[in-house]
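One structure below.
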Amino acid sequence: MEYEAVIGMEVHVEINTKSKVFCACSTHFSAPANTNVCPICLGMPGVLPVLNREMVNKSVAAGLALNCTISRWSKLDRKNYFYPDMAKNYQISQYDLPLCSNGHLDIEVDGQPKSIGITRAHMEEDTARNTHTLGGGQSGVDFNRSGVPLLEIVTEPDLRSAQDAYAYLTALKQILQYLDVSDCNMEEGSLRAEANISVRPKGASVFGTKTEVKNVASFSGVMKAIEYEIKRQVELIESGGAVEQETRGWDPDRGITFTQRKKESAHDYRYFPEPDLVPVVVDAAWEQRIRESLPELPLPRKHRFMEQYGLSDYDANVLTGTQAMADYFEAAVQADADAKKTANWIMGDLQALLTEAKADISACNVTPACLAEMIRMINDNTISGKIAKEVLAEMFVSGKSPKQIVEEKGLVQITDASAIEGIVRQVLADNPQQVEQFKAGKDRVVGFLVGQVMKASRGKANPEKVNEILRNELAK
Amino acid sequence: MGKISTKDVEYVAGLAQLALDDAAKERLAREMDEILSYMDKLNELDTANVEPMMHAMEMTNVFREDVVGESLPREIALRDAPQHDGEYFIVPKILDTEGSA
Amino acid sequence: MTAWHEKTAHEIRNAVRARHVSAAEVAESYLNRIAAVDPKVDSYTQVWADFARAQAARVDEKIARGEDAGRLAGVPIGIKEVICTKQGHTTCSSRILEGYQSPHDATIIRKLEAEGAVFLGKLNMDEFAMGSSTENSAIKTTRNPWNLRCVPGGSSGGSAAAVAADLCAFSLGSDTGGSIRQPACLCGCVGIKPTYGRVSRYGLVAFASSLDQIGPLTKDVEDAALALNVLCGKDAMDATSANLPVPDFTQALTGDIRGLRIGMPVECFTESLGAEMREKVLSAIEVLKGQGAEVVEVSLPTLDYALAVYYIICTAEASANLARFDGVRYGFRHPAAGDVREMYVKTKTAAFGPEVRRRIMLGTYVLSSGYYDAYYLKAQKVRRLIKEDFDRAFTKCDIIVTPTSPTPAFEFGAKTADPLEMYLSDIYTISTNLATLPGISVPCGLCASGLPAGVQFMAKPFDEATLLRVAHCYEKNSGITLGKAPIA
């Protein structure tokens, strides 16, 4: 029988406000343990929460970008459970009236458009962090993360494959980064994804029993975990077994999911409205202000790049991967560089340099104007493409303009025919064996000879001219 | 026995992280039963069209601005902890993996 | 001349500011009184003699330099154990917070200190403010200064007993369902619960967040007005505190109540009210009538449901508010715990008293899966009906009058066996908390048993001015002086 998977995602993202959601402590990630804490985020007796306005602004921005309806009236609730990472042993969250609901995120999988329903996005607070590394089985608790603002984004069960999930997560991350709402750094835990997975015979209308896969540390891990879980469930059903509703963890080393918690111990969270906070009312004017401040989002921008600059789907996709990259590209094009060539340079050599230096394009020494200038210098034959690579590497290190580098290093391309002829003759004189081979009909030694000429000119000779003159000389 | 059985009491005690011996369970079942029966008088009122009073105040939109203020010195934060190591609050073994937002 | 500890807060304040007495002398008078008398009453859990002397010295220095020493210059006060203070401990009279040092002062503590108040120490209470007799304290038994065999009421029993025995000029209490007014009534002093949102709750250890308010217990109504002037006002740390101007409440004490309409809820004067209490409250109403007030009958048909609503909402909120006491970050931790779950269970079971455990159980139950709608949601709906009843009644009157407590102080142990019986002590006070109204208890004479009785006035939300005006007018014209509690 053929099966199809039904997948829904729950994603927690830390909203990048400066201060925590209910107190004035810093949200800074790497502070020493228990230094960004106060009586409020430690849940000490007698304290009260006050909601950070920026949390609402950023959550509404995210909601609008996800095409959600923004609740005119929403409230916060207490979710009760005991765990050492919970300062108050209840989490302030949103239960039945989330700030954002009923949206969708358009993604593309293998070039095919797909719309993923967003059930809800709600505000809550992050928990503390438990370390399990202390001796004697004891754990340490660090409350720096306690009270960092979180947005929980829940999809409809609209995903059908690990690829769908990967595309969804990538698109979501892109959008949230474009909005400057979250860093979405999975390693630092500012984005955490859980997948609800079930399988059913293809075409069936009812859902199978789902499992929830938690605690996966990367997008590719999520993809592998989903793939594994789909296979596990299908095999289980095929062999006459039944899927049990449970929470499963992901072991990246063994590449398997494993049981964490059975349904029997499901929680009774005893939600009730948080009496210490008043309702949040986002009126039409407030919503409109935020809507007007939204940047152009990745997918529309990608389509505009394809149309306006004649870029391929692939190139436009890469270039709109982050807002910084897309802004960089457009700035270079506006500085009068050829769009297609700019795209190639950014995605090729510049990206390689960035990757090697583990740097982000937003902090790159090479300004878009300088990159544009360099591309123009190639176009007008001032430098060869090969020399340009050298120039770019130097720009990347020193931040100097390409013109300055070319001048300082004497890298101007040799296009003067007589100068090139001199070098060609010298090379032919030095390689009589190859000249003989050419004359005997071995045409491919030309490549070798061109290489020798380029080498002798230290790369500066115009390759087309070299080719032309070399063939002329050999024909003599 | 009325509304509340000792099994219910056991379930609720589990949620509340309390331990009760059999005598305490039975006593609580009796007391809670009496109190909850008293509370059942609320069913005399028709509240089908009544909005629940979820907040004591009729205010909305009370916020703080996103400004970082002072945190506690760590030695004060840890001062009253039953066990700490100067950096972390120390707790006994955590057996279950539930929890976490 | 009467001793300084026998005087009211406003008398002390005026004398200190006029340099008739130093703050240090007043503080010493109270500290001596505490040393002599509190061993019989046991109202204080902690006495901060050196701290109080240092505070008084600062007030005296300010006055010597000719600076404004504040609206409570040199007034010695006692603080309920439930209010956070950096000084001393904040234990809520619970074993679970034994020795706990708060890293922060409550907002009102900072305000009081800025106005020159002198803190004598902390006062006993029912554990986490749950109770009506202070018998639920894990620290000690506080006795009623009018009869040491009787309870002082609760939960602010220490606060009421200390005022009644002249062990402070006034005290701070907290009121979730009557916890200021009922003990004030039982100890023969004045106790006011301001409108919900009037006084910042930041630094008040929460029992039931949607009902809790801080308020003063005082020797007279003028002192209540004086204290409210300092306590009230918007606090950025409390999202539920009201952003409304605070009038000078002492200016409201004009003595003129002509034309004010006093509402008598028919539901509160039925046969179930004992004859003695009924007679006392009715004569209080006569006093107001004699001062030109008009008396009207009002009806609060849902009043009968208030107790049920109250015990659902307050226990539900408490079950969450008290979850944080788990032995991780502060307070008691049971030493014999192999893992975290065991630590939670052993810690809570060992260190919460039976009434706290009972309320946590009830609150957990009414919120639990399958019961939320039947209990918690239902209670929230009926709470609105109760509030609407009061809104309607206040279209017909400016003040509502009822007894404060159905009975005067009772003997130790009289109600501890039956929780519901104890809960009924709050029958007249809880509806003001549910409807978020201000309420005040004023002494209205002594019962045949020699124990004080009290009358309760309630006003519209944020109309503490009218409330105090009526209470003050009654106090001045009732012809009743209780005299000093015998402390025997």
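Of note:
Chains: A, B and C, in written order; residue numbering restarts at 1 for each.
What we mean here is this: contacts are C-beta pairs under 8 Å (C-beta built on N, C-alpha and C of every residue); 3 or more make two chains touch, one makes a residue touch a chain.
Quick caveat: nothing in here was measured; it's all calculated off a predicted structure.
The innermost chain, defined by the distance from its C-alpha mean to the mean of all protein C-alpha atoms, is B.
Interface comparison, A-C versus B-C: the higher count of C-beta contacts falls to B-C. If each chain is reduced to the centroid of its CA atoms, chain A and chain B end up 40 Å from each other.
Chain centres here are Cα means. That of chain A falls 57 Å from that of chain C.
Once the centre of each chain is set as its mean CA position, chain B and chain C turn out to be 24 Å apart.
Counting partner chains per residue, chain A shows two or more touched chains at residues 39, 42, 50-51, 80, 82, 84, 139, 141, 143, 268, 270, 275, 277-278. Each of residues 100, 103, 210, 236, 239-240, 319, 326, 328-330, 340, 344, 364, 368 in chain C touches at least two other chains. Residues of chain B found to touch two or more other chains are 15, 17, 54-57, 59, 62, 64, 72, 77, 89, 91-94, 96.
Touching chain B in their complex are the following residues of chain C: 99-101, 103, 196-197, 210-211, 236, 239-240, 242-243, 302, 304-305, 307-309, 311-312, 319, 326-333, 337-346, 348-349, 352, 357-358, 360-362, 364-365, 368, 375, 377-385, 387, 419-420, 423, 436. Interface of chain C with chain A (complex): residues 83-84, 90, 92, 97, 100, 102-104, 106, 201-206, 208-210, 236-240, 316-317, 319-320, 323-326, 328-330, 340, 344, 364, 367-369, 372, 376.
The residues of chain A lying in touch with chain B in their complex are 12, 17-19, 23-26, 32-39, 42, 50-56, 73, 75, 80-86, 91, 93, 124-127, 130-132, 134, 137-143, 150, 152, 249, 260-261, 265, 267-268, 270, 273, 275, 277-281.
Within the complex formed with chain C, the residues of chain B that make contact are 4, 8-9, 11-13, 15-20, 28, 31-32, 34-36, 38-39, 41-45, 47, 50-57, 59, 62, 64, 72, 76-77, 79-83, 89, 91-96. Residues of chain B touching chain A in their complex: 15, 17, 54-57, 59-72, 74, 77-78, 85, 87-94, 96-101.
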